[in-house]
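Worksheet: the structure to be examined is printed underneath.
As written, the chains take the letters A, B, C, D and E, and residue 1 is the first residue of each chain.
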Amino acid sequence: AKTGENETAGGVTADTSGDTVKVGLLNSLSGTMAISEVTVRDAILLAVEEINAAGGVLGKKIEPISEDGASDWPTFAEKAEKLIKVDRVAAVFGCWTSASRKAVKPVFEENKALLFYPVQYEGLEQSPYIFYTGATTNQQIVPGLDYLKAQGKKSVYLVGSDYVFPRTANKIIKAYAEANGLKVLGEDYAPLGSTEFGTIVNKVKTAKADAVFNTLNGDSNVAFFKEYKSAGLTAAAMPVVSVSIAEEEVKSIGTQYLAGQLTAWNYYQTTTGPANDKFVKAYKAKYGADKPTSDPMEAAYTAVYLWKAMVEKAGSFEVEKVKGASDGVTFEAPEGLVTVDGATQHIHKTARIGKIGDDGLITEVWNSGSPVKPDPYLKGYPWATGLS
Amino acid sequence: MLRIEKVHAGYGRSTVLHGVDVTVDDGSVTAVLGHNGAGKSTLLRAAIGLLKPRQGMVLFGGEDVTKLAPHERVARGMAYVPQGQQCFPHLTTLENLQLVADGRRGGKEALASALDLFPALNGLLRRRAGLLSGGQRQQLAIARALITRPKLLLLDEPTEGIQPNVVAEIEQAVLSLAGRDGLSVLLVEQHLGFALRAAHRYHVLESGRVTSTGAGGTAAEPAVRAALTV
Amino acid sequence: MTAGGLSIRGLRVVFDGFVAVDGVDLDVAPGDIRFLIGPNGAGKTTLVDAVTGLVKASGSVRFGETELLGRDVHRIARLGVGRTFQTAALFEELTVLQNLDIAAGAGRGPWTMLRTRRAVPDDVAFALEAIGLAGRRDTLAGTLAHGQKQWLEIGMLLVQNARLLLLDEPVAGMSHEEREATGELLGKIAADRTVVVIEHDMDFLRRFARTVTVLHAGKVLSEGTVAQVQADPKVQEVYLGHAAAESEAVEA
Amino acid sequence: MTVILGQLFTGVSIGAVLLLIALGLALTFGQMNVINMAHGEFIMAGAYTTYVLQQTITDAGVSLLVAIPIAFAVAGAMGVLLEWALIRRLYTRPLDTLLVTWGVSLMLQQLARDIFGAPNVQTKAPDILTESTSLGGDVSIANSRLFILGLVVLAVVALTAALKLTPLGRRIRAVVQNRDLAAVSGIPTGSVDRLTFFIGSGLAGVAGVALTLLGPIGPTMGTNIIIDAFLVVVVGGIGQLKGSVIVAFTLGMLQAMVEYLTTLSVAKVIVFVAIVAFLQWRPQGLFTLRTRSLA
Amino acid sequence: MKALTEMNPRLRAWLGFGLGALVLFAAAPALLSDFRLSLLAKYLCFAIVAVGIGLAWGRGGLLTLGQGVFFGLGGYAMAMHLKLADAGPGNMPDFMELYGQLDELPAWWAPFANPAFALAATVLLPMLVAFGLGTLVFRRRVRGAYFAILSQALAAAMVILLIGQQGTTGGTNGLTDIDGFFGYDLDDPVNQRMVYFIIAAVLLGLLALTRQLMRSRYGELLVAVRDSEERVRFLGYNPANVKLVAYVVAAGMAGLAGALFVPAVGIISPALIGIVPSIEFVIGVAVGGRAALLGPVLGAVAVAWAKTALSERFPGTWTYLQGAMFVLVVAFLPGGLASLWGMVRRRRETPPAPAPVTGDQALIKEVAV
């Protein structure tokens, strides 16, 4: 007899026979990415707890099963397969880096299982088995560039981590720049986890750009901004727009180094509205008053609610039915109303630019007014033809 | 001064010494003789504490030192010159000596008098010990042991690799130290002439057991040779 | 079939300005057993090091027709030059048998190397007997007593089939009978080989040396038969010591 | 010109950081042959010490200065514990220390995560250390880097003095070179080992304090830099402090110059190639001690 | 048990292989689900790497902390071919179109379209690199800790190099989404099973080869070189060559393992070849028993299995347990798990046997003498 793990070839159906339904949480709890991903898991758990308290999904309590992706992409793939095949979860929430998403994508597609990916990313992707609840490029990076342009900036310097998201994002930025008369004065990458930015900052300094567009991820941001400040570069003279620094990262870098710098996101802890008040309050109550909320946490929290709404609309946990029911599903999220775009499996999100304050919070200085329709392949942007 | 009582010792699962008794009286020289592999070095290692006896005791000056670490035994007045011209190769000759003189009362003087005994070392003080010739290293090793001004000196084949005229000097030195300063010596030596001239008593060790003992002196040579050939 | 003797001309070894061997000329005929003596630090080991390629030297060292200086250690060894070391150097985690088998095998082809040893080769068996370690064939070399290690080293030279043997204090730490046995073994070996022995044991020298060279401060101080050398006052002065020389003379 | 000056200084400061980390290794690895992969976690401990201190001493400058000796003691104590519990059983198999301490480093990272939380934490630097000093024109150098450079110089001098002017240096070397002989020469080998490990690990703690000025303070902060630091010790010549000093600054310069002309990745690869090439020339590192013994 | 120890070694070896084959080919597939079997396939790939490390390190004293590099070379060679095959003739792999700024396939990719070339490259490429590096390094007598740290830096450099060339190597992502294997669809569990069987067979074959190498005169010579490289030189051997053979063979095994890993797991990425996985390879060997033939296999599987099992059961705290396992086994059981067998056996009888071989004596001598 096999070890009690029944499965059928090509598409494992979720086990919903009991009075609970299992979902998988796939985040790095160890390794270099744990600094960011643990908080995402915490946010998912909060949503699960709230939903269970309110009666669960289709009358079943959610049973979260957490796995450690260990900041290692092949491990993400192994754990995804385990969640799908052994635990037979109805959906998986998690992944942060695009590299981890790329590693698990074939696993979800092969097994016809669902992943909810909660982090802003580089676009140019559309897997039938992934729902993207973070921003795609036209909801974050393009508005960020528009904002710089509106501020009269004529040139930028690009700094990023050396992996898919920053490299692809920068490709898009360069296409945008060319079409919009923005000069790109330089482009530099540091390996993930790298903390030696002396040379890069020196290059940035001598390039004398009007602004820096920062796609660094994780630890590197801390080193970059400390170096930036020490080199005498200021937000006033040469602002940095970051797309991967949220409240959690701000807290760990320190406002000493960050005050006045810009970020592009869809959500800030300071975003107004009753849904966010409730979210922030609940999060702090559960994890501590000093713990900030951030965009990826919010997107992950929202993802669980969106999945619940889709399941309820479909009246079933079956993947194909859930997918089928997804189009037009809405949720009154902390960031405001979000709507699922069934065609791309991304969501409509409001774009926001924020400025980091002395108190470590980010306050909005601009928003798109209404949710922006997701356009992962930037089909609606003439300058972007030829990118994909 | 030193009493080794019914010591059993060995390596891993092999036993080398099977209940050895050896005594060194105050101010006397005791020689241990025996074939290769008889366990002579093992006996000295047990005496200084590099090897834990499985049974038996080591008494030094009446005190049971069986459980003490080597450096504690040295602090009580034991010194040991291991077989094989050992030194600290990356330290200079001088540093090899200073190492032992450091923090010791009268260390400086002891160092100087050790150098008097081996004048050849004077020209080599700045050379790293690992570069010395075998005999030079052996002289260094004996000098190092003497710096602690020990009450008991354990010598494992001290003349091995040393030129004849220096051997004679070492012999003189050992005898005079034993006579004058009350130094006791436990001597393992293949050079029978030297061993018996120097020793007040001898023990023949065979396969880890003392098979014959007697008074030293050149007169003992035929008896020892007989004991060794069986 | 003697391969020719050892012929050294103007050998000089310098370490950071310190001249350890200073223009030594030395000839050892095939079949000879040459003893090399001299004070500690005279340069005896260094001379052997130079011949076997361990240290850089100038001058000339010929074994038969072949110049040895400038060659790699392992190439010199393959030319039939074998040596032992003042402090035994064995493969401590291999057995006695394996030590010998390796010593015997430098000339083996890759095919033989990749196969398992099925039986004890004859020369190895002979050496095991000769060095009296047949009973400890399967003992790890690292656990041998000091003297046994010296024997094993000699055994390794035997199977290595070296034509020129350079032995650095081979009997140090051996008992009297063991020295005798070793000396006799050397006598046998020397029949068709060239042997150079470094020793401080004068008894041993008197018993087995055919010719003697005395080094002092890197130079040849004296050379000749045992009697000639022992009688040389310079040798007595720097090496034997008067007292020792007398007492040994009495014993002899 | 300003660029070149800027990069020169960047090279020096990369070298200073490398050296600060390598100093402790120069003792534990260079002198004792222990390949302590948990050295990075001792650095982390130093950084977290700074963080904890700031919870009570709010003045950034005072807390930074106080942190230096306290971090030294904290990391040093961790080192002693490690030596006592594990390392001392491994002196006969030095390469195994790498594997054992790797396991320790995994546990310490998780411990930090459980105590301080997975996200990085923040310390406040004294304002002066977030600014830069102008050298005229466009050239300016970061005060934090100057501070670290000063700290390194101080540490090198102190360590050299300890090793050269006290018997300690001789004893440490003697114990590693021949443990049994050291013991029978009257040296308490256990205490010497522990003291050495205390100082070596303590230096990691000091490096941790300094790194709070430059980079993140989190559970994995120690892992990235440690390999480079080991290379510094190896290339400098194991057991040779002066070698580490020269090599640290040389590698820092090389990296800064190449990185400026190419990219960080290319610079790292070129540094590696340079190291292999260098070891072709000097297989035992920049400074070596030869002996006559075989093997 | 006694009967077993006294048995003719040849017979015992045959029995051992028979038993191994039975476990790998009959028991495991019968008892394990497809998912667990595919995990086992992955562990067996690590075991193949471990066998090579056992030879180079356990026997040869070469602590190679860069086996990930060779694993990666083999893996990338295989993955490049499979990606090209997936894309079809004349097309570029999907990721290149997405991230690359390239209009056509880079020249160094082209030969990998040929299956024979790619297959040969999986083994020969790592061996060639090992040969080049080994020649430089061993001839100049870089060894002990120098060699260990250098090989570790090699792994770091290789990772940085791969990550920096996203357009042609896939960068941090590596090469993912591999679902064909020489015409077979890897999504099909039957084909996955076939891959498992291939891996198991290769492992057994390499074990037989390694056993012969270890028992041969070469194996003895290798230990001799580990103990005293200089002494070997004086016997007329060139120790650099002796080490080189072990290093190159180990590299070839790691390459083959990498190549087999790709169809088994469907991904090859820098995360699999850097410092961390390279150390984990070595730890597996140490945990199992570095000097024994089966120790490395046992250890590699045990460590990988424990990692999976512990992280599944204790996702938040498994690193404590893993770390503790490394510490306890390596520090307190130097002979590894394999030595437990010997200890049990010894407790029953008591004939004197040589002390356990502990490996890196060579380093002690080198640095400390």
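We adopt the following convention: a residue touches a chain if its C-beta (ideal position, glycine included) is under 8 Å from a C-beta of that chain, and two chains touch if they have at least 3 such contacts.
None of these values were measured; they are calculated from a predicted model.
Novice: For chain A and chain E, which third chains touch each of them?
Specialist: Looking at chain E and chain A together, the chains touching each of them are D.
Novice: Does B-C or B-D have more contacting C-beta pairs?
Specialist: If we tally the contacting C-beta pairs, B-C comes out ahead.
Novice: If you average the Cα atoms per chain, which one ends up farthest from chain C?
Specialist: A
Novice: Averaged over CA atoms, how far is the centre of chain A from the centre of chain B? Could you give it in whole Å?
Specialist: Distance between chain centres, rounded to whole Å: 74 Å.
Novice: How many Å are there between the centre of chain C and the centre of chain E, using C-alpha atoms for each centre?
Specialist: Using C-alpha averages as centres, the distance is 44 Å.
Novice: When the centre of a chain is set as the mean of its C-alpha atoms, what distance in Å lies between chain D and chain E?
Specialist: 31
Novice: Using the average of all C-alpha atoms in each chain as its centre, how far is it in Å between chain A and chain D?
Specialist: About 36 Å, centre to centre.
Novice: Spell out, as numbers or ranges, the residues of chain A touching 2 or more other chains.
Specialist: 29-30, 162, 189, 191
Novice: Could you check chain C for residues that touch two or more other chains and list them?
Specialist: Residue numbers touching two or more other chains: 45, 85, 87, 89, 143.
Novice: Two or more other chains touching the same residue: where does that happen in chain B?
Specialist: 11-12, 14, 89, 130-131
Novice: Can you check the complex and tell me which residues of chain E touch chain D?
Specialist: Going through chain E, the ones touching chain D are 63, 65, 133, 136-137, 140-142, 144-146, 148-150, 152-154, 156-157, 160-161, 163-164, 227-231, 275, 279, 282-283, 286, 317, 319-320, 322-327, 330-332, 334, 358-369.
Novice: So in the complex, the part of chain C that touches chain E is made up of which residues?
Specialist: 52, 72-75, 77-78, 82-83, 85, 89-95, 98-99, 101-103, 105-108, 112-117, 139-140, 143, 156, 160
Novice: Touching residues of chain A toward chain E in the complex: what are they?
Specialist: Per the stated touch rule, the residues are 1-3, 5-7, 9-10, 29-30, 66-68, 70, 72-75, 77-79, 81-82, 85-86, 97-99, 102-103, 105-107, 110, 124, 162-164, 167-168, 171, 189, 191-192, 388.
Novice: What residues of chain D sit close enough to touch chain A in their complex?
Specialist: Listed in rising order, the residues are 2-3, 6-7, 10, 13-14, 17, 109-110, 113, 117-125, 127, 129-132, 134, 138, 140, 142-145, 213-221, 223-225, 256, 259-260, 263-265, 267-268.
Novice: Spell out the part of chain A that touches chain D in their complex, as residue ranges.
Specialist: 29-32, 34-39, 162, 188-191, 193-196, 198-200, 202-203, 205-206, 219, 222-223, 226-227, 229-232, 248-249, 251-254, 256-257
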